[in-house]
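There are two complexes below, and they share subunit A, which is joined by subunit B in the first and by subunit C in the second.
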Partner chain A sequence: MSTPVVASPPVPLKKRSGPATHNYSKERKVGEGTYAVVYLGHQVTTGREIAIKEIKTGIFKDGLDMSALREVKYLQELRHPNVIELVDVFSTPHNLNLVLELLPCDLEVLIKDKEVVFTMGDIKSWMLMTLRGIHHCHRNFILHRDLKPNNLLIAPDGQLKIADFGLARALGNPNEDLSSNVVTRWYRAPELLFGAKHYTGAIDMWSIGIIFAELMLRVPYLPGKDDVDQLDVTFKALGTPTEQIWPNVSSLPMYNALTVYAQPSRQELRNRFSAATEKALDLMIMLTQLDPSRRCDSTRALLHDFFTELPRPTEPRDLPKKSIKKEEPDAKRRKI
Partner chain B sequence: MISLLTPEEEATYLDFYSNNIIKTCNFFKMPTQVKLTAASFFKKFYLVNSVMEYHPKNILYTCVFLAAKSENYFISIDSFVRALQGTEAAHILDLEFIVLQSLKFTLLVHHPVRPLYGFFLDFQAVLLHPEPVMYDVSVDTLGNLYNRAKDWLNEHAVTSDVTFLFTPPQIALAAMYDTDKRITDRYLKRKFLKEDKEKLNVIKEGDEEQPDQNTEPQNEESEKQGVVKEESETNSHHNIKLHTQREHYETLVRTIRKCIKIAKEVKPTTREESKEIDKKCFFALNPKKLIDKRIKRLALEEK
Partner chain C sequence: MDSKENTPNLSENGKPVITITQISRPFFTHSEISYMHSQTIDESKKLQYNQTKYQIFQLLYQVIKQLKFPLRVLATAMNYYQRFYLFHKFDGAFDDMDKDPYVVAITCLLLASKNEDCIKKLKDLQSVVNKLRDIDENKPVTNTLDSSGDSIAYHELQRKYVLATEFKLLQLIKFDFSNGANSLSIKTSVDCLLVQFCKQLDINYRMSILSWLICFDIMSTPLCLVIPPHCIAVAIIIISLNLKPQEIKLDHHEIGEEDDDERLSEILDSIDCERDFKCPEVLVNEGILYILDYYIHQYSHSVLNNYLPAIDKQLGKEQIFKFMELKEKFIDLKNMNETSCKESLNRTDEYLSKWEFTTASKGIARFMLGNKRRRFNKELDIQG
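Moving on, here comes the complex of A and B:
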């Protein structure tokens, strides 16, 4: 990342943090997450529109928040058209502020907006951009661990960007335990549901498979009501894993005597996803393999025939946008 | 006049504190990863700041605290400072952002332990399979080499400047080379010189990039067939390839040797040396104290 614009090396740092604020204007609140409030603003010197993610303090008495640190740590390492850009970081007396590129929309908003119609070309285009972004993360040994439509933001030019790296972490320190309590429930891979302490980028690939399904269905694919129900919903849809299809599955910590559901037949899947071509179904099946070692990785997914068959992926600038209706309540709120 | 520290004194002083990082991390039973990251933060902090501006003691603790969080080994500020003498939570929390800013918000540090593990695996692939290459080298020998190389890294790489001068895989190889030159050299030769004549390969189009540590073992079967088919026309190519291979190998060994030398140059700083510098540093950090002292003395002389 470039050094903060205000930085001039000879000035002691403690004096530097103050003026940084003046480089950016905070205008209005555009969103709120569990640990941050997001504002729209401008970079004063360039006039560029940006988003400022102000990390809430007071909820974390142990100094800088872990999620914020993770977000800074990993976004610093990643530069890719399909990963959100971290422009700068600065502090106000009690807050850490991440300056991000402004991304006014997200995929969840579009999925829920019933005025908007998705074509297979649109879905293909979003899938492609998501996969390119995650491929870049994985080849840098970074797991996202919280992929869901709400964290796939859309730029004004239609580019999709993976955002919210508050749960991300680096892969590949041998023997290190990882937490299985990651990923928003509906997008959580079966190995996580079983409490696996070692896992790979395959957990992100699962989430992408579930998002793919959601893009076609326009409703969440596996909406479990709680963690136990999530297992049931997942296996009802995709079959219960057995030792045959997933060797050693029964040795995972939370593997239990489960209701045994059969694997869905091809015809069943065809009925479930009526708009999907055979190639689309193939990709979906590869992404939602129960056994993580059989699930396809980002390279194989990107090379899949689904992306080369017709229709072509829609050009990002021609992708559907939020319908105007949706804007109205927002506009009203702004006037108040 | 305040006498300022010379760069040498400052370096000596920091070496002393670098060692305290390791002690602190060991005290909290933190994993190696945290130790290495904390040491890296500390060194980077003083690339852009001076001990005459920030006293190393609390910076050191802040680096450990921040590194622990960054490496997912969270420890609460209360239990952290409870174990430290004369340091309060506020001291560390106030410095945390300053440290983060000095690091230019770069928290990810690539350590040589990971490539070391990779080399441990590749040594097995290259030296033991399909059949052992050295009569006295087994999995156990290599396991032992790996463990001793890890100790070497802890001893020499954490506190020295090598992390600023060499890449993590180079440092890892230096650790192995200095631990067991014979085995490591054999590995490097087999890997980069393809010492076995039979396996010497045809240059495939687009395959002339530098052999680096990440080069995958090549598919020997298909290459052998290639040699048979294209032998005559590739002989001169062959020699060029041999030549560049040798150059790469020699450059690599030279780099490794240089790394070993620099890693071992650091001599431990004694407590006395550090105390001396500490005294000098005191007035630089607190110029007012010096003025007060001078005024007192002048007042005495007046009388």
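Moving on, here comes the complex of A and C:
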């Protein structure tokens, strides 16, 4: 399970009630992803609660997992109240450990928790924090490429933090091809669905628009069953792109055999998003422009009137929290 | 001391756990490098180290061409390779995979391709390398990792060694993937930066190609361990504009560039490293002197040698004299002050000693980005 050891004999790893690793205690397992196991722990010196993400090295055929590498690479560069903090990086004999701030909840949990009621002020507050976080990433030429409610974690004080940089990428080399197989399907921008090899921060803005819709609807907005269905679901809701509204769209690799749906009328959107004010609808429409060059960027979104009209965004500490129900198995909590 | 800090911590059974804090230091002075080499490369192996390095870099170049990787993957791999032997003993024993520099080379390529987001399966990297080396990777060999003495396919054993070496390499680069750039928003590879800077200065095609050829030569030197990439790029441009050769053997020519001489001189005079490129001048000077020395000593082996005529028309002498002349001109440049890195001090700086890979098994190693990067803070404002 660990990296093959050359020369030195394998060092037995203590299992269960792990040893105090460095300044940190590793207490109990709180979750497991594809390439890491996450433990709850404490920073010994300060008593601060932290999460330790232990990267499963060796079991992956090609050594250090790309997601882990990206997470270290990008989180080391980013420091922002709305981006998860990488507190420390350390290695034990066969493992790499990332110490992250402990974020016990996420937006998906709240959206699914039907006991919790969202006000427009709550939604505004979460949107604002998400946009501030992504603005910081984009300002540093970093694309997140996997924004979705379960990657927006919530701190005990209510602050929302963008997490999971396993798919992130720097935008340094303009002419290079990028993979279009990024972002979880329901939050994938149309240019990615069409297989574009060049794209920008606009893909993250699209995801935020879809999350905005989901916050208002309390169910996923564009839940495609597979990649083909995703195109259909997306265009049924937002209209099929044509050369008029999106110049050169037809030259993208996967643009073919599309059912043509009309653009939704304002009234149709009003009906679907009954809680939304006109300004909320404006912002959502700007974020979900099919043509990426017309989609609004993080600066324009942050300056949008929606954020200055009443009600005011809820103070983070007053935002809704998970309702306390019967004990749920923690490990399963955030699994889709 | 900022390098290794021993903080005893109490574990739950009351025994102290040793923690070693490793701070990423992307750059070293020349004297630090020679001190480190004196510990990892025996005097008798120096020549072999250089020859092997040359062969391996040639091979890596072939590999990235075949795999259609951008040049920056090669640059990063060569950086890693040279960094590896600052901390790790060079034995040059090719038949012992534990010491085989080719295993190190494949590892550097693997990690560089991951860091540069050009992902290929390790198996494919191995197969290209092994084919170029004429090695039958399916041949059975003794499994030196296993006391049973069973045999195992060459590529399988090689892969095990590569993966173990990757973990070592990660520790040596202190899990710092920034390639010495202060921010990921700026390009980190000299060839990409050169293209950008030449455009910014409106330098003609001929001079851009010249600087690119110099870049190609310098890429494989340890200069990348000494100063950051944008300073190397500016140093190369300044040298190109000083050389201003009348003839370069190129397949392709832009018309009307012959008369550009005066304009190029104006560009050269107008360059302000700090203002235009956020490069501290001493670091650029360091680069200039290094590059000139490189050509003075190795011109006949350089790529540039293939593109410039043997005799420079203006000077009426061999090209190498042109570099010597330039060195004369630049001799008074202020370069890096190494007084803080005297041999006696280096010896007491534990950071510079061979990295003890068993350290992490004695306790825990923690990795931090160093604040020595502050030296280069000016580059923060550069826009990609």
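One rule holds for everything that comes next: the second predicted complex is superposed on the first by the 302 of 336 C-alpha atoms of A that agree within 3 Å, B and C clash if a C-alpha of one lies under 4 Å from a C-alpha of the other, contacts with A are read in each partner's own complex, and residues count from 1 in each chain.
Everything below uses one rule, namely that contacts are C-beta pairs under 8 Å (C-beta built on N, C-alpha and C of every residue); 3 or more make two chains touch, one makes a residue touch a chain.
Note that this is a predicted model, so its numbers are computed, not measured.
Undergrad: Going by the contact rule set out at the top, does A:61 touch subunit B (first), subunit C (second), both, or neither?
TA: both
Undergrad: Figure out whether A:276 sits in contact with subunit B (first) or subunit C (second), or with both, or with neither.
TA: neither
Undergrad: First (subunit B), second (subunit C), both or neither: which does A:296 touch?
TA: neither
Undergrad: Regarding the shared-chain residue A:100, is it in contact with subunit B (first), subunit C (second), both, or neither?
TA: In the superposition, A:100 touches no partner, neither subunit B nor subunit C.
Undergrad: Based on the superposed arrangement, let me know which partner A:69 touches: subunit B (first), subunit C (second), both, or neither?
TA: Both partners.
Undergrad: Contact-wise, after the overlay, does A:23 reach subunit B, subunit C, both or neither (first, second, both, neither)?
TA: Second partner only, subunit C.
Undergrad: Applying the document's definition of touching, compare subunit B and subunit C: which contacts more of subunit A?
TA: Comparing touch counts on subunit A for subunit B and subunit C gives C.
Undergrad: Does the superposition put A:208 against subunit B (first), subunit C (second), both, or neither?
TA: After superposition on chain A, A:208 lies in contact with neither partner.
Undergrad: Under the contact rule defined above, give the subunit A residues that sit at the interface with subunit B and also at the interface with subunit C.
TA: Touching subunit B and subunit C on subunit A: residues 3-4, 17, 61-64, 66, 69, 72-74, 76-77, 89, 91, 96, 169-170, 172-173, 176.
Undergrad: Name, in rising order, each residue of subunit B that touches subunit A in their complex.
TA: Residues of subunit B touching subunit A: 31, 33, 48-49, 53, 65-66, 69-70, 72, 74, 76-77, 92-93, 96-98, 100-102, 104-108, 114, 117.
Undergrad: Write out the stretch or stretches of subunit A touching subunit C in their complex.
TA: Of all residues in subunit A, those touching subunit C are 3-8, 11, 17, 19-23, 44, 57-58, 61-64, 66, 69, 72-74, 76-77, 88-94, 96, 140-142, 169-173, 176.
Undergrad: If you look only at subunit A, which of its residues touch subunit B in the complex?
TA: So the residues of subunit A touching subunit B come out as 1, 3-4, 9, 12-14, 16-17, 61-64, 66, 69, 72-74, 76-77, 89, 91, 96, 169-170, 172-174, 176.
Undergrad: Show me the residue ranges of subunit C that touch subunit A in the complex, using the header's touch definition.
TA: Touch list, subunit C to subunit A: 7, 9-13, 17, 19, 70, 72, 98, 110-111, 114-115, 117, 119, 121-122, 145, 160-167, 170-171, 175-178, 183-188, 192, 357-358, 360-361, 363-369, 384.
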